[in-house]
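Listed below are the structures to be examined.
You will see two complexes here that share subunit A, one where it goes with subunit B and one where it goes with subunit C.
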Partner chain A sequence: MRAPYVAVVVTLALGTSATPLRPAPSAGATISGKITYTGVPPKMKPIDMAKEPSCAAQHTAAPVTTENVVTGPGNALRYVVVYVSSGDQPAPPPAEAVRYDQKGCQYIPHVAVLDVNQPLDIYNDDQTSHNIHPLAKQNPEWNKSQPIGAPPIHTKFEKPEFIPVKCNVHPWMHGWFVVLPTTHHALSGPDGEFSITGLAPGKYTVTAWHEQFSSLSEDVSVSGSETKTVNFTFKATLY
Partner chain B sequence: MGKLFAVVLTIITVVSTAFFAARTWWLPVDISAHGHAIDRQLMETMVSSGALFVLSQLALAVFVWRYGDRDDGRRVRTFPGGVTPMVLFATVLVGAEILALTFVGSKVWAGIYQTPADPGSLQIDVQSEQFAFYFRYAGADGAFGATHPELINEANENYFGLDPAHDVSARDDIVVPTLTVPVNRPVALTLRAKDVSHAFYVPELRIQQDFVPGLAIPLHFTATRTGKYEIVCTQLCGLGHYNMRAFIEVVSPAQFDQWLKDKAAQQ
Partner chain C sequence: MRPKTPVVAWVSGVVVLLWAAGARPCVAQESHIGTLTGHAAAGKKVYRRYCVLCHGADGDGTGENAMWIDPKPRDFTLAVFKCRSTPSGTLPTDQDLFEAMSRGFLTTNMPPWLPLTRQNRADAVAYIKTFSPKWRTLKAGTPITIPPEPAAAIESILRGRGLFQKMECWKCHGPLGHGDGQSAKTLTDNKDNPIPPYNFSTGSRFKCGETNRDLYRIFMTGLDGTPMPSFGDDLKPGDAWDLVHFLRTLQPLDTPEAALWRAWLASHASDLKPIGPPGGGR
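And now, the complex of A and B:
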């Protein structure tokens, strides 16, 4: 009797180490959907980086444009931050840092979404200096230079805020740090799709934020591990 | 020791003058219609001040050679009347030279900066900001949209603060970071500054003019040679001043028309 018992215990132990007992991030309910627009969106303008040849050389094949309103097939709208704005329980921020790159004199990704107090690592991958300047109002405002080959900046933001980011050396560089008081958030991709996972049963308000078209909100109730679809449609204007 | 000093002084004078005579570090090529006047003025300044420099250094060398090592107790001759007349004489001599250069130079400068632009000039608006230049051309309507500083927004490349939502003439304005101009056509710039003082300096154009926040400063030139040249900021304007530059491309009229058409399509 003893030998099979030990075997069971060992199997359980091995099993637990391979699949942790705590809920996987995908456990719980999911809210997913697609972000689209109606109307005529503004035309994105090409960015000429003539004054910074090392960056211009990286974009000869595909010239870059401004990224305020990035659209995709089927009226998809990219870079929309979808997050639980009400009804969420407080949770500690992830220990994993969000990576933000200055590459080809662009901010990649254009919008970085992070939790309050989540580590943020900012890299300069270019053969030129950058001076990143988050225009924060709720959090302390700062700007930091990163010469060629400088180590990454490790930082975090202690208050929720939508922070425009600019480079003090290259005026065309523009991005966002979206600092949220919730771990439940997502960023719409090139196809406009988003998915917020790991939600406990309950009633939530979900908000979709776009840098130029403001915000839209909707109340959603979820239970168990169901997936609910919520689509947001922004009204686009040419100017 | 006095003789050695005289020799060293003579060598310094001859060698430094030789660099100018050989044009070792000379002015860049002149690509502007007015540049010859600036160059002539520079040359006049160089020759007159150079001649005074050579004469005074050689005179000093001669005197040091002749009288430097004298220890026979004889009285050294002084300038007639003593030190005061000598200083007065030198001041008047140098002052007259500087005044003469200023009067002649002002005429050249005023002929370029204080004359109105040709009425048929190509009008280009220039915005300077930390740390870049932007250039605005009127679109198909031939009119510039009004500027509203509060609407300036780099995020969507609205460097001039245009209001296309309400201002129809602003909608087709062409904003680019490279100054493209047709060769042999007068160009009239209006210089604006968003934040602090900057400067527009193109050595090949023989033009250097400050931008001053709050002022719209006119500047005109005619480029006479095609090519690509650098525009640099020569007013220390902040951390990224070293990086504040743009280019001017002087192209044929046909190339310019095509370029303008291509850019208009991108707006």
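And now, the complex of A and C:
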């Protein structure tokens, strides 16, 4: 089923090398950098999915652990949300939906970052029922069942909020919906790198948020189509 | 036209101001239960006398008694309620809150407040709605439609049993509905407090009612704030009634469904596959 998508990507890459897939960085300034940590991060706990054989079978090669603190080589810290917390102009949310998968009894990605009122599509790719329970406080808290083969749940959140998400049937499943009042945000990858593109010239406050290590902020001024580097270093704590 | 004297002008000005103040929409300050209108100002007195010790002066569920109580008193500042006629994630109707207050919550410290007059309860509902700003910005959800119940029949019960398996109700409620499913011990509410799934073998009333319609409503709207999700997007009305009929057979009650089930089971028990994980029940 992947073939059509691969074909499209290849076509775009070959045929339109001048047209990047993402909004052109030349349309504004870029803030990029790397997220790292100092100190000793907590060890992630292995997850035993024996009670859900259909999911356990998908992880025989690589055992699954909790994802509260995911690190990479060179003290890289993954799943850090970096966003413009002040100085940004309000902009309409993208019409493109953010996809959130329940696959192998895990949330993929662990952290979904979306704009206020941006569509969010939640899929159940598993051979088991899940229930999606965003523990929102500013937004409405809801809890919906999504049985095997059920259509995706289409939703959105109207207020900015960091919302923990859980599945009550599978207590190890834990993720986040990060709803932001800005379109300028990024999520650090396995190497800790992030990149916020398309910024108009101006002075901004950039905030990096990690679910366990709280948040850090820095003021940055950008102009033209320059790329500024901002690195954040979190102090890892065991609890 | 005769010019108004200053006093008449002043008085009429005050009257206009008062009228304007009164006409401003203060929806959150009132509740409407049928023809009854509750007022928050009167409700505050009721609340301060009967509710405050558990739910707290600020409505956040941390009254003096709260530390001794399990499950914890409702935190009204979140505006998240279990017993609603409205879809998951929406505010309940005034009627829902009124009924929950009147009914009380079985297996908790919340008693039925029937000794209070209907007016007292309507006033208290209006006051409870002042604790969260959500009542000022959002409207109550639209109650779900519950079609008339079809007559219980063994076919309906068996279809419902299939849904109990397919929807994986047994993962929490247990293969026999004893509240001992594989996830039961790990369940927590929205404040991370442990919460057990309903045990059908007690035959007790449900937290949100006791009739077949109440049962239908419970799993089609979900109990917000708890692990019990809404199945409103997954079950058609016919399916939902089938599930209601089956759930009644799990209770040790003299219901028409239980009678049908016992009669059928007497000759067909060996035909049944146990409920539980595929490839054999627990």
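One rule holds in what follows: the second predicted complex is superposed on the first by the 212 of 239 C-alpha atoms of A that agree within 3 Å, B and C clash if a C-alpha of one lies under 4 Å from a C-alpha of the other, contacts with A are read in each partner's own complex, and residues count from 1 in each chain.
To be clear about the criterion, a residue touches a chain if its C-beta (ideal position, glycine included) is under 8 Å from a C-beta of that chain, and two chains touch if they have at least 3 such contacts.
Model, not experiment: these values are computed from the prediction.
Three-chain overlay on subunit A, with subunit B and subunit C in a clash. When the two complexes are overlaid on their common chain A, residue A:42 makes contact with subunit B while staying clear of subunit C.
In the superposition on chain A, A:91 makes contact with neither subunit B nor subunit C.
Of the two partner chains placed by superposition, subunit B and subunit C are both touched by A:145.
By the touch criterion stated above, A:171 is placed in contact with subunit B and with subunit C alike.
In the superposition on chain A, contact is made by A:51 with both subunit B and subunit C.
Of the two partner chains, neither subunit B nor subunit C is touched by A:27.
When both complexes are overlaid on chain A, the residue A:131 reaches subunit B and subunit C alike. Between subunit B and subunit C, the overlap after aligning on chain A sits in one stretch of 203-211, 239-247 or 257-265, namely 239-247. With the contact threshold set out at the top, residues 51, 128-129, 131, 145, 168-171 of subunit A are in contact with subunit B in one structure and with subunit C in the other.
Those residues of subunit A that touch subunit B in the shared complex are 42-43, 45-48, 50-52, 66, 68, 128-129, 131, 145, 164, 166, 168-172, 174, 211-212, 237, 239.
Contact residues of subunit B toward subunit A in the complex are 129-132, 154-157, 159, 164-165, 171, 176-178, 238-240, 243, 245-247, 266-267. Put simply, subunit A touches subunit C in their complex at residues 51, 53, 128-129, 131-133, 135, 137, 140-148, 150, 153, 168-171. Taken in their complex, subunit C has these residues touching subunit A: 78, 80, 87-90, 134, 138, 166-168, 171-172, 182-183, 186-188, 190, 222, 224-234, 277.
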